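Same chain, two partners: chain A is paired with chain B first, then with chain C.
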Partner chain A sequence: MRIDRLLIGLGKGLAVAVLLAWSLVPIAFVVISSFKPGRDIFAVPPRHAFSPTLDHYAALWTRWGVFFDGLWNSLLITAGATALAVIASTCAGYVYSRNAGRLLNGSVLFLIVVRLIPPIVITLPLFPIVNLLGLNDTHLVLMVLYATFFVSLGTVLMRTFIDQIPRELDEAAQIDGAGRLTILRRIIVPLAAPGILAVAVFVVVFAWNEFLFAFIFTGTNAKTAPLVISEMIGSIDGVDWGILFAASTVQLAPVLLFVVFMNRFLVAGLTAGATKG
Partner chain B sequence: MRTRKLTDLLPFIAPVHILILSVIVLPALYVAWLSLMQSTFGQAPSFVGFANFRRVLADPAFRSALWNTVVLVMVAVHLELVVGLLLALLFASGLPFRRVLLVCTLAPYAVSEVIAVVSWRYLFDPDAGPVTQLLLSLGLPVLDWSFEPMHAMILIALLTIWLHLPFTFIILYAARLAIPADLYEAARIDGARPWQAFRRVTLPLLGPAIVVALLFRYIFAFRIFSEVWLLTGGGPARTTEVVAVYLYREAFTYNAFGTASATAWIMVLASLLLALGYVALLRKQVTGNAH
Partner chain C sequence: MTDPRTGLTRRRLLGTALGGAATMAALPTWAQTRTLNILSHAVHERVLGAGDADLLSAWKSDNGATLSFTTFDSNPLQDRLFREASLPATDYSVGYLIDNRPTSEIAALFEPLGPRNAADPIEDFADIAPGLIQGMTVDGNLIGIPVRHATQGLFYNEAMLEEAGITAPPETLEELIEQANRLTFTSASGTPVTGMVLASDLAVFPVMFARAFGGDFITADFRLVPDRGAMEQGLSALRSMFETGALPRSYATTRNDDMVSWIQQGRAAFTVLPFARHAQLNNPEQSNFPGRIKAIPFPGSASLPAGTPMSAVVEAWAMVIPRNATDKDLAWSYIREVSSKRVTLGMALNGNGPVRVSSYADPALIERNPVAEIEARVLATARGAFPPFPEAARAQATMLEEVQLAVLGRKSVADAVSAIIDRVGPLMPA
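And now, the complex of A and B:
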């Protein structure tokens, strides 16, 4: 019996070790290598003891100023897309939660079906339209694209979260003469905050990391950080791995910390998103 | 009265629907129209019926891209499912530092495809990558992914599993936590061995979550673009192309908008087919819950 327990404990320990290695090694190598002197990055055998250096970060700063512009663009676009998606989804989720009707129910189904259209499909017609409107290579076009691809999930999520707020609260406020907008702002938004955060986590992670739309719709002016990093990979004078790792670490660190701190909302959102819509 | 109520509500749902209609639905319909046209830059589109679809379906490059995508989806999604299920059971069996381990397991969710490609390209660098060296020192075969299409596909599959395992795992783990402990207690009292409890209690009750996780991942894995584009660009010689990369090339490299649109609608229809299964399942689940 005791041997059984020991064996099970050992097996679990091994499984956890493999899991941690699988999940964290690819991230750890990027971060640690960004502090390695250039000659140690591809040392054979790999060198684990090295004197840390900030050389690659300094080189990134002097030689790839465009990366920091990209970081700023990513920040603006992520903030804009998140605000747009959260506001639009909360308003719609509120109405869908508190009202029923054939038309409304039909339009929820429509929201779910729309998620089936792959993003690359719509790049084809949008490319000339965006050019025609003079919006190519602007922050606005990415904000709108990123928000749009999450408002359907966002609306369904917000409806699920708002369903859990007792209707009596709205009704009491209504008797006191509050309109829909007041009820939404004063009652729903504070109580549905976990739902709002769950939607925000999805949009922030997507908008900060997205590649395809940024690749197609931006050139120089609104280029995002992931796009600049992808250009470093394909750089004609060969890949400078040290600089590449430094840039990757700078891009990765904020979103990784964000997910770590918001993990509860991410889990709640993923679970509700998969079962409800 | 009813119409008044609807006009009252409209301002609240309008932003969502205006965004979706103008950015997704109308462009997708325009693509459907375009797929029946012959079209490129500086030339008025002319109607050609289903010729674009016939041409795409007969194109060996498309067939190879479709084959690659289907194999990739089948291998990656099912491996994800098995590993995600094992992880869910491991976590449910009780682990110390569970929250910390959970956060570590979720970490790849935060990583951009671009950064993931940087990392995996480095780890599996054919000359000096740390994983390559580890495999060599153990006397195991290494991935020669920049020359061997098969090896490149393996690396793409590993990469995509790494990025999406957190999603599959969370769906299954949440469903596993929702199974009441009494059921296991009852099974134990009835003399069920752990394997029997898994077969008769866990697996049937996880069924819906497994199907949901599978369908979501089928639909999303079918769109794979960035990992392939950044790792191999579809090369060598278009051997690792997937459907989305084929579409991109038709549209933005060859400016063949008609065939690109046909490819796009083949993708939409494939997703719809997968989703029909999903909707049927949801309906069954809803009526199942009513009992």
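And now, the complex of A and C:
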């Protein structure tokens, strides 16, 4: 019995170790390589002992200044898209949670269908429209697009969260003379804060790393960091792997820290309503 | 009227909507610029220099213009350029086009530049390599002015040749194969060395091997595999190298960047890359063999009739003006300036493959670029891997699929060449 338990424990440990290695080794390789001298990065056999250097980061700053402009654009667009998605999802989730009707129930299916459409299907027809509106290469177009793609998932998540808030609280507030917006602002939003943060995590991770929309709809003014990294990879005069790995590390760090910090809300978001009913 | 549930008045709602619409309407103004907008690869911008070394500073002040480069990787750049040129109007007045893209349909998106060159000519136009001009002439119209080329050469690691007791690089393809076989060994430092490393996803290499025997994949006048025997000899050479281990076991997954890192690390003795990579391959910060990686013309077979030149593969970039561009006169002025002898040489000194024959004779360039003289010689007979046509991408993919099967021994070379002819034939232009 004890041996069985030991074997099961070992099996679980091994499975976790394999999963961790699968996920972390590529990231560790990128981060460690960003501190290796260029000639050691792909050395065979690999050189595990090396003198760490910040040369690649210095070169990134001097030779690819546009990368930091891209980071700033990514930050603005991510913040804007997150704010838009969170506001729209919270309002919509509130409506779905507190109202019923055939039209509303039917539209939930529509929300799910929207998530099933591959983004590439809508990007190319959108290009001339965005151009006609003069929104090409603006931050706004990406904020709206990213938010749009996450409002459906965000709404479903927020509805589940708000469902857990007793309706009696709404009714008590109504008796005290509060309108819908006041109830939403003063009661629902504070109580559904974990759900809002979970939605925010999803949007932040998506918007920070997104490539396709950014490639189609931006050029110079709103160019995001992933686009600049793709240019480094496709350099026709040779890839400088050290600089590329330094850029990838800088790109990775903020979102990694954000997700680690928000991890518990993410888990709450994914499991919201799991035990309901 | 006030909604009792939300507290919103009709006036407030209307005001918010109008304010939002006004903000949206104002955004296009913010997005517009008064500069010459250019769609290019980052390298095209970089070779023009910046700050005190800006090659275009005088032109900018003379024309009161500023340049705004939008840069992408090669394929996304072409995709974006064609999309912009397909719109009713585009802010991009200059684009950079690769020479294997302009089919008749694509060429129609761009301004014919012949009349502009006749009215306001580029300095010493005849000095620009005629083969590159030819590549940008579609249906009789000159649609792009060449600005950069990448011509393929054979790179070798001199230190490894010495270690294997080889005193001179190969002069024929047969010698190359023999040396590659000898250089498939474990070096004194303990690194396993492969004779030659080639990417399997680019048509350049099988085409070079076919040309080494006097053959080709698709000629400029659209003849598919004009010399079947030469193509079979070329693929047989690749296959024999794979069988002896002179091509890596990972051949099927080897990519262009692997070639660079393998030769920098001393994992391969030979490779085929553009001459422009010479500086990178010998960069002391990246290479274990700085100064020891040399380049020569890719050798033809000893069986080639005397005097038959070995045509290396060249890829060129050109500057184009979209037909729907908003500032064509400024765009042409820019193109004229970038094509001038002074700027062409300046870009060459910054690492650009110069399109002018005269640039290669410049002492400063010869001093800066040890392979300039060899590159100029190879460029004289070089041509594209294949001409542009609508199904070129599928034709290349099909050819590479068959080449891989042949090299890996999954199909006989004769069957693979037959399959190339049968499968690519229907994709050829009528």
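Quick note on the criterion: the second predicted complex is superposed on the first by the 253 of 277 C-alpha atoms of A that agree within 3 Å, B and C clash if a C-alpha of one lies under 4 Å from a C-alpha of the other, contacts with A are read in each partner's own complex, and residues count from 1 in each chain.
Throughout what follows, a contact is a pair of C-beta atoms (placed from the backbone, for glycine too) under 8 Å apart; a residue touches a chain by one contact, two chains touch by 3 or more.
Everything numeric here is computed off the predicted structure, so don't read it as measured data.
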Touching partner for A:Leu133 - first (chain B), second (chain C), both, neither: second
Which superposed partner A:Phe42 touches (first chain B, second chain C, both, neither): both
Touched partner set for A:Asp240, first chain B, second chain C, both or neither: second
First (chain B), second (chain C), both or neither touched by A:Leu145: first
Greater residue coverage of chain A in the superposed arrangement, chain B or chain C: B
Touching partner for A:Ala15 - first (chain B), second (chain C), both, neither: first
First (chain B), second (chain C), both or neither touched by A:Ser107: first
Chain B versus chain C as contact partner of A:Arg180, first or second or both or neither: both
Partner chain in contact with A:Ser23 - chain B first, chain C second, else both or neither: first
Contacts of A:Phe202 with chain B and chain C, given as first, second, both or neither: neither
Shared contact residues on chain A - chain B and chain C: 42-45, 127, 180, 227, 230, 233, 241
For the chain A and chain B complex, residues of the former touching the latter: 12, 15-16, 19-20, 22-27, 29-30, 33, 42-46, 87-89, 91-92, 94-96, 99, 101, 103-104, 107, 111, 113-114, 116-127, 129, 144-145, 147-149, 151-152, 155, 180, 184, 205, 208-212, 216, 226-227, 229-230, 233, 241, 244-245, 248, 251-252, 255-256, 258-260, 263, 266-267, 270-271, 274-275
Touching residues on chain A, where the partner in the complex is chain C: 37-39, 41-45, 55, 66, 127-128, 131, 133-138, 140, 179-182, 215, 219-221, 223, 227, 230-231, 233-242
Contact set on chain C toward chain A in their complex: 3-8, 24, 27-32, 37, 39, 41-43, 68-76, 80, 83, 87, 150, 190-192, 257, 260-261, 264-265, 267, 276-277, 280, 283-288, 351
Residue ranges of chain B touching chain A (in the complex, touch as defined): 5-6, 8-9, 11-13, 15-17, 19-20, 23-25, 27-28, 30-31, 34, 86-87, 90, 93, 95, 101-123, 125, 127-128, 130, 133, 137, 162, 167, 170-171, 174, 209, 212-213, 216, 219, 222-223, 225-226, 230, 244, 247-248, 251-252, 257, 260-261, 264-265, 267-268, 271-272, 275
